[in-house]
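In the part that follows, the structures are each spelled out as structure tokens.
In what follows, chain A forms one complex with chain B and a second complex with chain C.
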Partner chain A sequence: MATALNALFEILSFTSIMVLIVLGLGIIASMMGIFNFAHGEFVLLGAYFTWLGHAHGAPVWLAMALAPFAVGLIGFVLERLVIRRFYDRPVMAMLGTYALAVVIRETVRGLIGGLYLNVPAPLVGSLSLGGLEFAQWRLAIIAITLLVILCSWTLLAMTSFGLRVRASLENPALARASGISTKAIYAITFTFGAALAGLAGALVVPIFSLFADLGLRFLIQGFLGVMLGGVGSFVGPILGAGVVGSASAALPWVISPVVADVLVFVAAIGVMKLLPNGILAGRRV
Partner chain B sequence: MSAAVATGTGSWVIPGRTAHAAEPIRVGIATDLTGAIGFAGNSDLNVAKMCADIINKGGGLLGRPVQLYVEDTASNEAVAVGNVRKLIQRDHVDVVLGGITSSMRNAIKGTIVSRGHTLYIYPQLYEGQECEEYIYCTGPTPAQQCDDLIPWLITHGGKRFALPSANYIWPHLLNAYARKSVEKHGGEVIFEEYYPLDQIDYGATVNRIMSDKVDVVFNTVIPPGVGPFFKQLYEAGFLKRGGRLCCVYYDENDLNINASHEIEGLASCLDYFRAVDALDPASARIQQMYDGMFAGNKYLMAAGSAATGMYRGMMLWAAAVKEAGRLDRDAVAHALDHAKIAEGPGGPAEMVPGKRHCRMRMYIATAKNGQFQIEAKSNGLVDPQEC
Partner chain C sequence: MLNGGRTGPAPLTAGAPTAPALRRRLPLVEWAVFGTFAVLPFLLADFLTVFASRLMILALLAISFDLVYGFAGIMSFGQALFFGAAGYSVALLARDLGVSSVLVVMPAALGVGLVLSWLVSSFLLLGRHPPSVTFVALGTLTAAFAAEELARSWYYLGGQNGIPGVPPLTLGHFEFSDLAFYYLVFGLFATVYLLCRALVRSQFGLALAGIRDQEQRLGFFGYRIDTFKTIVFTIAGAIAGLAGGLYAYHEGFVWPSMMGVVLSTQIVLYCLFGGVGTLIGAVLGVIAIESATYALSEQLPTIWPVVLGVILLVVILFRPTGLIGLVVSERERTGDFGRPGSVAPRGASSDAA
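Moving on to the complex of A and B:
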């Protein structure tokens, strides 16, 4: 029983980290049709700015709160300078964002000397419940992830801004004819997606420590989540990330971890064969 | 420090500065200056520069200065082979030192030794079993890292061992040696498990360690997984209930991966720690020289980065050249086979004749509040027991 509860907590914790990281990736892929290969590096930047702020004496929670804004700003500048040239060329977009990723990753590697650096969590210690220990920061991440999903969903599904974002995706020409500035909408959406990545990086850096390949580690599983859930909706990628995250956290409890790693991908390919457009194909928001 | 002159993409020459007008001796340094383990490669290059400086200030070798030819192996075997070929074919170096991972050593050794007819010195701690002629290993082997450490862990931790490991060659072979040693000294291996190299969630493993009442976690999980793994162990209460962490590649660089309280008491066994400086004046002098030459540089002279193996490699080779009195490969190899140095980081060192591995002093240290503290020192030089 204790083991089962413990397992459940660990799986839930890793799943929410996965979802948090995929959120921005999913929004940019679904709402803009761009597969952003630099997403992992936006996560890395969020982690880096948190470390940087903390290293310069800021309280770690403040550094975490500011990091998404810094990454959002970088996202905005990159959208204006680079990404906007790729909107009608998705393959070029992959290569272009991949190149950006390499530049960001290697720059950060240079800045931190290729080392692994520790960032403390704002909440230290564990919560003891019935002889089980639950790390407080992991509990906080689960709560924050739920909150962020709720806010993002409200923004996209319930507000007129969200409507305009979705309109720009479905029919850009008609949206422009209706007086929506798709240019501004794309810039804001990309900035928002980048800021979400920055937030994810800021929140997970106390768990994984800061290192140059932090974002790369999640990129492949992140894309797998997006493909599995289905591009084109907000909920799809979240669902996909949830499935990938919980499968890769749960399988090592029952089978050899090396086999589990491969099995997650095999299972995902199987599902995509049966549901080529993802679990939530064709539905919006 | 001498100025470096770029000689092509990823290539540099660092001229030796002496009063001699003689043609310099060419030393090839092939190490990972960029990419994932660039932090280690840069330390190695720093140490090589320092050694060249020491040799040249002492009048060079055979009346000639030493000049470093540097190639970046870029943490990438495919790039490395081409760059190392430049050292051999274009620069005609007399010896190559470098390579950090075993996969890198295996990728470049053919180019250097069999096709290049050049001596190769490999400086990193590793899993052993590199017994090819003309390849000399100056880092610690499993025997050197385990022989004193395992009994110490049983006394200062307990008998129930877990061996969580990254799934590649070094952990497999090190564990095979460690397991034998654990069983020989009355301990027991509760589980030995392998994980993908990039796994960063260890919930299942931590649970098993806690519920199976493991006393000692003999870890060979590597970064990036090791940080989250130790953190999860700490959060589950492993240290609180008296558990002992152990990780034999851990040096001063790795202490920053976790908050110090998460790895309090972590035991490591290496040929040098900074704390050795208090015990060995020669080590302190070398460390001081390094800090002076590379002040403000973020790359540490740390044993897990192969930096100390690089020092031994350079100096043992220099001793061999002096004894041989010439540079041809067989003459130097013959002298290197029994070369000795009286001092180095951690203490003296000597090659084991016929084995092409190095006897050295070993230290057991534990992490105390973010610093390593020496717990035990080997009796004299420890045998590598290879080949």
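Moving on to the complex of A and C:
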């Protein structure tokens, strides 16, 4: 029983990370119609800035709090310089963002070398609850993820800015005709998505440690999450990320991790084949 | 897709006579490349000959990608999967069965690539719902990633270290030395290139180009788009397999990254750099990038990958036709189809319409 609960907790914390990553990926895919191959590298950058801040003597929590802003800024610059040329050209976007990802990844590799660098978690130790031990940092990750989801949802659903974002998503031409600058909305969305990936990177670095290929595996799982949930809604990608994240965190408890990974990938592709518009197809959320 | 709306359907047929002098550059490039490769071993030091055979093997892989993307518009991020799987298969043949005869190994590699790519493409491309570009791209990417993970941890396949000690290729009692191997690779490379060239210049190639540029319209004409795509994907997979078999014998061992995402995307970037949709562009891309990497990666081990990434980004952004676009005109790059001369232009256009 205790093991099962602990397993559940581990699964939940990994799923939270996936959701954070997919939130940014999904919103960019929904709005601009591009799959951002550099998203995994934004996660890497978030981890890198956290490590950098920590190495220069800043407290870890401060480094973590600043990392998303730094990544967001980089995301903004890249959007203005590069990404905006790829809107509505999905294939070129994949290739271009992949080249971008290579540049970022190799730069970070050059900066840190082929090393695995550790950053301590700002919260160490664990919380005892009814005889069960919960690592505090993982609890914090779950809490932060829930908070981010809540904030993004409120922003999208409750504010006038959110209305403009949804308008540009549903019908860009009409949105432009109504005086909304879709260009500005796209830039802000991309920045926000990059910052979310940066946050995810900052949060995972104590668990996974920092290495140059950190982004790649998250990228593929993130893509699967987005496709599985369906492009074009807020809840879809989150749900998809939930399914992919929890499946790939849960299965290793039953079968060998590698088989589990492969199984999750194959199953996800299989579901996508049957439901090309995602598991939420037809239901707008 | 690349030539899409911007050029329109006009260049697909040869049409009215144009200045013939302008239309002969592509064959010149092809002759130059193959002529150089034919005499290269006499001009270079031994170790550079080995490097040149590596170039040709990677060029085969690049051609296989160019066939699916440049001619049929299928975005495949998984070409290395067929390459690596065939490499592993021939390594296993050598290790477990002691077979290293070229007469068995090469057909086996070709077959593994063929069957595997047929399975992958019939899953991804056939079916009730026409697949989206992103679905195919992600499907192939995921397949390559999963295969690499699997190879990395499967003890039978040597895990992380792969399978070392692939013996030299043989033919009866004859063992292929570096030079003989070079000419074996050259022969296969030239043969495959000529076959592909014939394929993409045929009526089948015309249908493929139509699918690439105007998929929906071809669908309305009654072409079975999915079948065409599956066929070309399978052919490309077989070529990638052949290259993988050669590569295993070239390197003398196989390892997990051979079928991974990184190699797959590297191939994509070779093609983009050289220029897609011309076959020879892909070859030029491999030669240019690999030679530059060979020359520069020792002096600039950390900077070079970054520079390479930046160059590719610039090419993708500002020079979508790649290197070959510098040499040949847009019209020649797009090519013509069918038999040249009396029948081709009219026959080609009436077949498509």
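Operating definition for what follows: the second predicted complex is superposed on the first by the 279 of 285 C-alpha atoms of A that agree within 3 Å, B and C clash if a C-alpha of one lies under 4 Å from a C-alpha of the other, contacts with A are read in each partner's own complex, and residues count from 1 in each chain.
Going forward, a residue touches a chain if its C-beta (ideal position, glycine included) is under 8 Å from a C-beta of that chain, and two chains touch if they have at least 3 such contacts.
If you're wondering where the values come from, they're calculated on a predicted model, not measured in any experiment.
For the composite obtained by overlaying on chain A, chain B and chain C cannot both be accommodated without a clash. By the touch criterion defined above, A:L129 reaches neither chain B nor chain C. In the superposed model, A:L224 makes contact with chain C only, not with chain B. Looking at the shared chain after the overlay, A:R109 reaches both chain B and chain C. After overlaying the two complexes on the shared chain, residue contacts for A:K273 are found with chain C alone; chain B is out of touch. In the superposed pair of complexes, A:T3 makes contact with chain B only, with no contact to chain C.
Of the two partner chains, chain B is the only one touched by A:W253; chain C is not. Contact with both chain B and chain C is seen for A:D261 once the two complexes are overlaid on the shared chain. Of the two partner chains, neither chain B nor chain C is touched by A:L150.
Note on the chain A alignment: of 73-81, 289-297 or 325-333, the part of chain C that runs into chain B is 289-297.
Residues 106, 109, 217, 256, 258, 261 of chain A contact both chain B in one complex and chain C in the other. Residues 3, 6-7, 9-11, 13-14, 106, 109, 113-118, 120, 126, 133, 135, 138, 207-209, 211-214, 217, 248-249, 252-253, 256-258, 261 of chain A are the ones touching chain B in the complex.
Against chain C, the residues of chain A that register as touching in their complex are 35, 82, 85, 90-92, 94-96, 98-100, 102-103, 106-107, 109-110, 216-217, 220, 223-224, 227, 256, 258, 261-262, 265-266, 268-269, 272-273, 276. Listed in rising order, the residues of chain B touching chain A in the complex are 34, 36-39, 42, 167, 193-196, 198-201, 203-205, 207, 211, 223-224, 227-228, 231-232, 235-237, 253-254, 256-259, 298-299. Residue ranges of chain C in contact with chain A, taken from their complex: 1, 75, 123-124, 127, 129, 131-135, 137-139, 141-143, 145-146, 149-150, 152-154, 261, 265, 268-269, 272, 302-303, 305-306, 308-310, 312-313, 316-317, 320.
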